[in-house]
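Could you have a look at this structure, given as structure tokens, before my questions?
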Amino acid sequence: MFLSTTLIENLIREDLPYSDLTTETMGISEHPAVMEFSARYACTLAGMDEASTILRHLGANVEPLEKNGTTLAAGTLVLRAKGSAGVLHAGWKVAQNMMEHAVGIATRTHEMVIKGRSINPDLIIACTRKCVPGAKTISLNAIQAGGGTVHRLGLSESFLLFDNHTAFFNSEDHLLATLKKAVIAQPERKLVVECDDLDYAMKVAACGIDVIQFDKVPPSSLQNWVMQLKKRFAHLTIAAAGGINIESIQAYAKTGIDIAVTSFIYTGKPLDIAVTIKPL
Amino acid sequence: MFLSTTLIENLIREDLPYSDLTTETMGISEHPAVMEFSARYACTLAGMDEASTILRHLGANVEPLEKNGTTLAAGTLVLRAKGSAGVLHAGWKVAQNMMEHAVGIATRTHEMVIKGRSINPDLIIACTRKCVPGAKTISLNAIQAGGGTVHRLGLSESFLLFDNHTAFFNSEDHLLATLKKAVIAQPERKLVVECDDLDYAMKVAACGIDVIQFDKVPPSSLQNWVMQLKKRFAHLTIAAAGGINIESIQAYAKTGIDIAVTSFIYTGKPLDIAVTIKPL
Amino acid sequence: MFLSTTLIENLIREDLPYSDLTTETMGISEHPAVMEFSARYACTLAGMDEASTILRHLGANVEPLEKNGTTLAAGTLVLRAKGSAGVLHAGWKVAQNMMEHAVGIATRTHEMVIKGRSINPDLIIACTRKCVPGAKTISLNAIQAGGGTVHRLGLSESFLLFDNHTAFFNSEDHLLATLKKAVIAQPERKLVVECDDLDYAMKVAACGIDVIQFDKVPPSSLQNWVMQLKKRFAHLTIAAAGGINIESIQAYAKTGIDIAVTSFIYTGKPLDIAVTIKPL
Amino acid sequence: MFLSTTLIENLIREDLPYSDLTTETMGISEHPAVMEFSARYACTLAGMDEASTILRHLGANVEPLEKNGTTLAAGTLVLRAKGSAGVLHAGWKVAQNMMEHAVGIATRTHEMVIKGRSINPDLIIACTRKCVPGAKTISLNAIQAGGGTVHRLGLSESFLLFDNHTAFFNSEDHLLATLKKAVIAQPERKLVVECDDLDYAMKVAACGIDVIQFDKVPPSSLQNWVMQLKKRFAHLTIAAAGGINIESIQAYAKTGIDIAVTSFIYTGKPLDIAVTIKPL
Amino acid sequence: MFLSTTLIENLIREDLPYSDLTTETMGISEHPAVMEFSARYACTLAGMDEASTILRHLGANVEPLEKNGTTLAAGTLVLRAKGSAGVLHAGWKVAQNMMEHAVGIATRTHEMVIKGRSINPDLIIACTRKCVPGAKTISLNAIQAGGGTVHRLGLSESFLLFDNHTAFFNSEDHLLATLKKAVIAQPERKLVVECDDLDYAMKVAACGIDVIQFDKVPPSSLQNWVMQLKKRFAHLTIAAAGGINIESIQAYAKTGIDIAVTSFIYTGKPLDIAVTIKPL
Amino acid sequence: MFLSTTLIENLIREDLPYSDLTTETMGISEHPAVMEFSARYACTLAGMDEASTILRHLGANVEPLEKNGTTLAAGTLVLRAKGSAGVLHAGWKVAQNMMEHAVGIATRTHEMVIKGRSINPDLIIACTRKCVPGAKTISLNAIQAGGGTVHRLGLSESFLLFDNHTAFFNSEDHLLATLKKAVIAQPERKLVVECDDLDYAMKVAACGIDVIQFDKVPPSSLQNWVMQLKKRFAHLTIAAAGGINIESIQAYAKTGIDIAVTSFIYTGKPLDIAVTIKPL
């Protein structure tokens, strides 16, 4: 994952537009020091590259001690950085805060993967583009660390048809004919259509669409629909979205869907990373 | 609040680096259309300026219908935008997703303000700098919409002494002498020291420090400490941080603190904004 | 297509970092003026949005007279802009030069589409990511104007396996097993493998790969291979790359491929746009 | 030549906004590897600094093996980079594509310099500002590598009077009087006027203009005009533009001009650089 | 102080958008060389971090020989850099010019601090936000090097009430009531009000305002007002602004004010730094 | 002069990273208001475009009342802006501070032009590139408003040979031979050499150099040298630099130089612009 200087400096500048008033007023900036990051709770690690890059960009000597994607016991030391107290204090909260958000996402993703795959070992947990605005790169990295997949990077590289698109077609015939042309026009991409009933899904699949994404369909109905669709369209991929979370993931996994699409993993508490800074 | 073109374009580019594959493949980009945003749940509104600026930057004609900070009933229409389907689809999810996060923060902030002030009408809900990295401007705006206050903008404009600073002083005498000098050196800023016991707080307050911020002190102890500190230091401001959330806010409000410092409001679900796009 | 202020200003700044020395030294900057762009040769129009945005950003009043993608006769007037001579001279060469490159790409793309589809009406002309570095957005827009398709936006959204990847696998068995896992891991994207012989293509297709991209295979061999692959893998998409240009496109179209992948369209002369500026 | 981080990251981001889907899905990112760039055809080398900077910025260990401006035999190895397969694949196409365009420009420039100077050893090949928009720095570097000169950096540092300027003068007298003042007003810059007939050139030269640039004048007429102008204005520099390319350069060199101004070198095929990546 | 790559590259690009025409035309770019910076006059050093970062960013090997804030004798060598002549010439003027401005600010600040504290050892010299636009980071660093304090970072982190604000209140009662609420609403910041008479200052101080800033009050009146205010409001901080400069600082220091607010230090000549570049 | 959004937003962000604490805390942001800028002293106006662009970018309705370059009497109203108090306060100090610096530069430039041309009507006042780092565009605009000329935009577009270049030549012969080649290699630019004695100037001029720039030569010597050089080299342009300021300009003008090169105009006080904001 490419972490640009622009991204790293935007994160730093949010916390440190100029100098660190406290550290400089207290006169401790030049003191040699060591900083240690450790996981306060059991978690799936993420954000290590961002944290390392932030701290190195500020001038610290960084020693990463664990890898993204590792499941850690509470208390595990994950990163050690050395440098002046000024440098370490400058990067402390930026790196810590970023990592806490990343670890939160990675841990929730990993939990969903584990629970979902205990039912269906090939189930894909695909994370939506509804990450916090401004935090896309960090979020994508954390999803990957947690074993999830990116649903869409954005509007430019993927085709997903919503009701807000179909509203522009006067007749279903016109819509389906346009979809058939789209299948031919985009032979290198999978086309996805959001559906909420079986009938529409059947018609759309018949156009050659690659993926049906059911929205807010309860697992009870979904299981039947998946079976019927897969019987008729062997190559069809089926996704479910809307209400997929750590509570519901196993019920959805049982329906036979291929992909569980979720924004749940962006939600919830960052996971605490304890940080200590000490003189050397 | 200044919303720079740079910020607005970064948000747009996260979702739309080039063109909108779905809308263009379906051939509906040029169709005149109208888009409406409405609150799916009761909430405190936020993110209106960002949403309007995003949509206008893409070329839409935007009509804001409600103001940031307003408490809305579920279902309230908040914004209407007109333009080509291409323009509206380009901005839809960027504006919606941003607003859902903003409304989530504003609503949680407002709830804490209401609950806290039901006990102490002058209580300040001060939000930490632990917002999601990359989302600072949006978060600050949402806090303001919810009636909260910004605790620190960052390291450069405020003084907050942590254990990670005091670790660099060999003796308490040296630390306290340095604090006294800091009080003189920074006469235009309030100096804040994080404490977790009364004894240290008393010593620090005697140095002329303006604000004591107690960290993770249970309300039971806090009430007594606040009383003792205020008796001796009439001008002292007292803040509490660590574990302040919608459940605990009233217990903390009863302790007599002036400021409740919280990261809670960044946590939790975005609040759904329903968006429809229709042909005109 | 989103044209960011950042992009537009980068283009302007390349030509106009500060002021226009000639126009200002000659003292004509304030004179009201009109500028007209017309196609010197028959061509497929592109770059209209970029040119309009550049000129409007500098303060001109712009009237676009033709649409991207239109096939024009030599001499057709495409855009008129009004403003001070200073404003029009500031944008003249930036807009003209950009449009000449865009029209060159669009025209070559369109010619390939016309020639290819005279043989196979569903043939897709897919343009590689080998555009001139720094000119990606302009190039993608011009391809679209010419009726072409984007092969890959870049590394992050598409899967294309080259020899430079397979070199890391000790055995073909290991490679094929990994490909099978990749098919499961990326259910929302089509997986493409570059091949140069039929045998390898057959094995790869059997892993569930969606697209075979043959590299530098002469049309004579290709026709036979396409037939054999399509017989066995009904859903397989077949692309050809390497040496696809305006001369060879019809020979390749006859082979039965679905997609002709080409960098040819980036090559060759910009197509002249005549620009006159006159006093009003 | 200053290669800013901003420029280098813009090039990288065009191809790699987030991660490399293929390399990561195939699980080979961490494998130690070596990448080699070699010239597929005889050429004049360029783009070495950009390629090295791109690859180093991504974390590779780069060993440049040849210098910009060197004339290479087909097959010459020019650069070797070591790093993880993930790092090398991240930079491969960005560096390769950039270098192919740069080598194309440098080789065409060098060929024109060689051919032109075989007639007139002091002939200057000056390249116009009509490079591909967004590729200015790369293009300027490649021109320099090929032995060419930059005609104008842009509008702010050079004076070149076109018909689109003179259209704002009611009388030739007014125009010439203004030119005389311009000569005094800009004593540190050479003033250039585009002409297409001898009479106008004579008048303009008499104003003290430093350079006459003839546009689209055939070599036959030009030779005579150059002789007449040089006889009368010993210090005058004469340039020719319009239709100067590898075919016409020698005919123009024979006319006695000092400068051949050309956009030809931006046109034409990038020159292939072969790239292999192998495990170490 | 965080010196971002963006800032450093903006400074470099102002002087070196592409290559160094002189050094390259003369053919000396590759020659190994050493550059030395020394203070031409006695001064307080500043700008060392910026100069080092600029030169390192361009590829030089930098050896800083003195520290920011040091008072230097004329002729002191402060920095030595090694690299190719091309690299050193690229950074020469950018670094020198920046440092001359920084040293000018630091030296004027230091002189004011010394003169002011000879009267009142606790006097704070607070520098306004009226630095040259675009030079904020450099200016803040230079102020710190000179022993000054930053008055306000900007509008977002500090409260300073001017007449241009009070003009919006119909009655003094309304204004004072609003100020009282502001004191409660912003418990973590000091509130400052600009005054020009004692009566208004008394009323404002009674609202709980932390700092009175007198504007353009002559020292004769000020001394009396300070005494009266301090008698009544023991915790009140008093600042003076308007006409505070190296001539007037001692007269103001005698009035008993706590803070002298000045823009004077931004004014005046940069202090010459002599720079030599020699072959190695 | 092109004023990019990037530049304008950098200026705004220096003062207003987020919101305006004072104006919002006082609750006056929404009040309709008018702001007026007027010159406190007689001056030459500059910075009008920047001020207008800043205020418009923030949402104000701006009415410029005077033009850049006009000589104004003290008290002249130059700009009126209308908008909410929030918008006007947001832009007040940014626009005012920028304009005060610009007017300072323009006024000093204009005074030098007037004084110098009272002696030599064709004298060019050329301003060096030693403007305050970060303030280049503003400074260039102000110089132009004052009637000055830009000496060099930077290193990339102009040739100026210093001792720090000649130090790399072992013999004068080698240096002069290289200069002769440079004259041929750069036929579209004037070549400038810094000299401090007549002998070297004569040799350099004989190489075909266009401009001799004498550094720190007193007017007494200079007059004689100029005469001797001009006698021998009719086309030679002669500049003087070092110690050129408002006091010395007339003495230098009398020497017969063509160009007075100065950094003086960047030095000295900004000229006060009075700003009032009132309710509408």
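Letters A, B, C, D, E and F mark the chains in the order given here, with residues in each chain numbered from 1 onward.
We adopt the following convention: a contact is a pair of C-beta atoms (placed from the backbone, for glycine too) under 8 Å apart; a residue touches a chain by one contact, two chains touch by 3 or more.
Being a predicted model, the structure only gives us computed values, none of them experimental.
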Figure out the least number of contact steps between subunit A and subunit F, where 1 means they touch directly. 2
Co-neighbours of subunit C and subunit B - touch as defined: A, F
Furthest chain, CA centroid comparison against subunit B: D
Winner on C-beta contact pairs when A-B is weighed against A-E: A-B
Which pair in C-D, D-F or A-E has the same interface as B-C, with over half of the contact pairs matching by residue number? A-E
So which chain is the furthest away from subunit F, centre to centre on CA atoms? A
Rounded to a whole Å, what is the gap between the Cα centroids of subunit B and subunit F? 44
If you average the CA atoms of subunit B and of subunit D, how far apart do the two points sit, in angstrom? 51
Distance between the CA centroids of subunit E and subunit F (whole Å) is 23
Residues of subunit D that contact two or more other chains, please. 5-6, 16-19, 90, 153, 156-158, 185-186, 189
So the touching chain pairs work out to A-B, A-C, A-D, A-E, B-C, B-E, B-F, C-D, C-F, D-E, D-F, E-F
With touch defined as at the start, can you tell me which subunit C residues reach subunit F in the complex? 5-6, 9, 12-13, 16-19, 24, 58, 90
Complex interface listing, subunit A residues touching subunit B: 10-11, 14-23, 25-28, 31, 33, 85, 89-90, 92-94, 97-98, 100-101, 129-130, 132-136, 138, 154-161, 164-165, 167-169, 178, 182, 185-186, 189, 266-270, 275-279
For a test of understanding, state which residues of subunit F touch subunit D in their complex under the given definition. 122, 124, 126, 149, 151-153, 156-158, 184-190, 192, 210-211, 235, 237, 239, 258-259
So in the complex, the part of subunit D that touches subunit E is made up of which residues? 1-2, 4-6, 137, 140-141, 144, 153
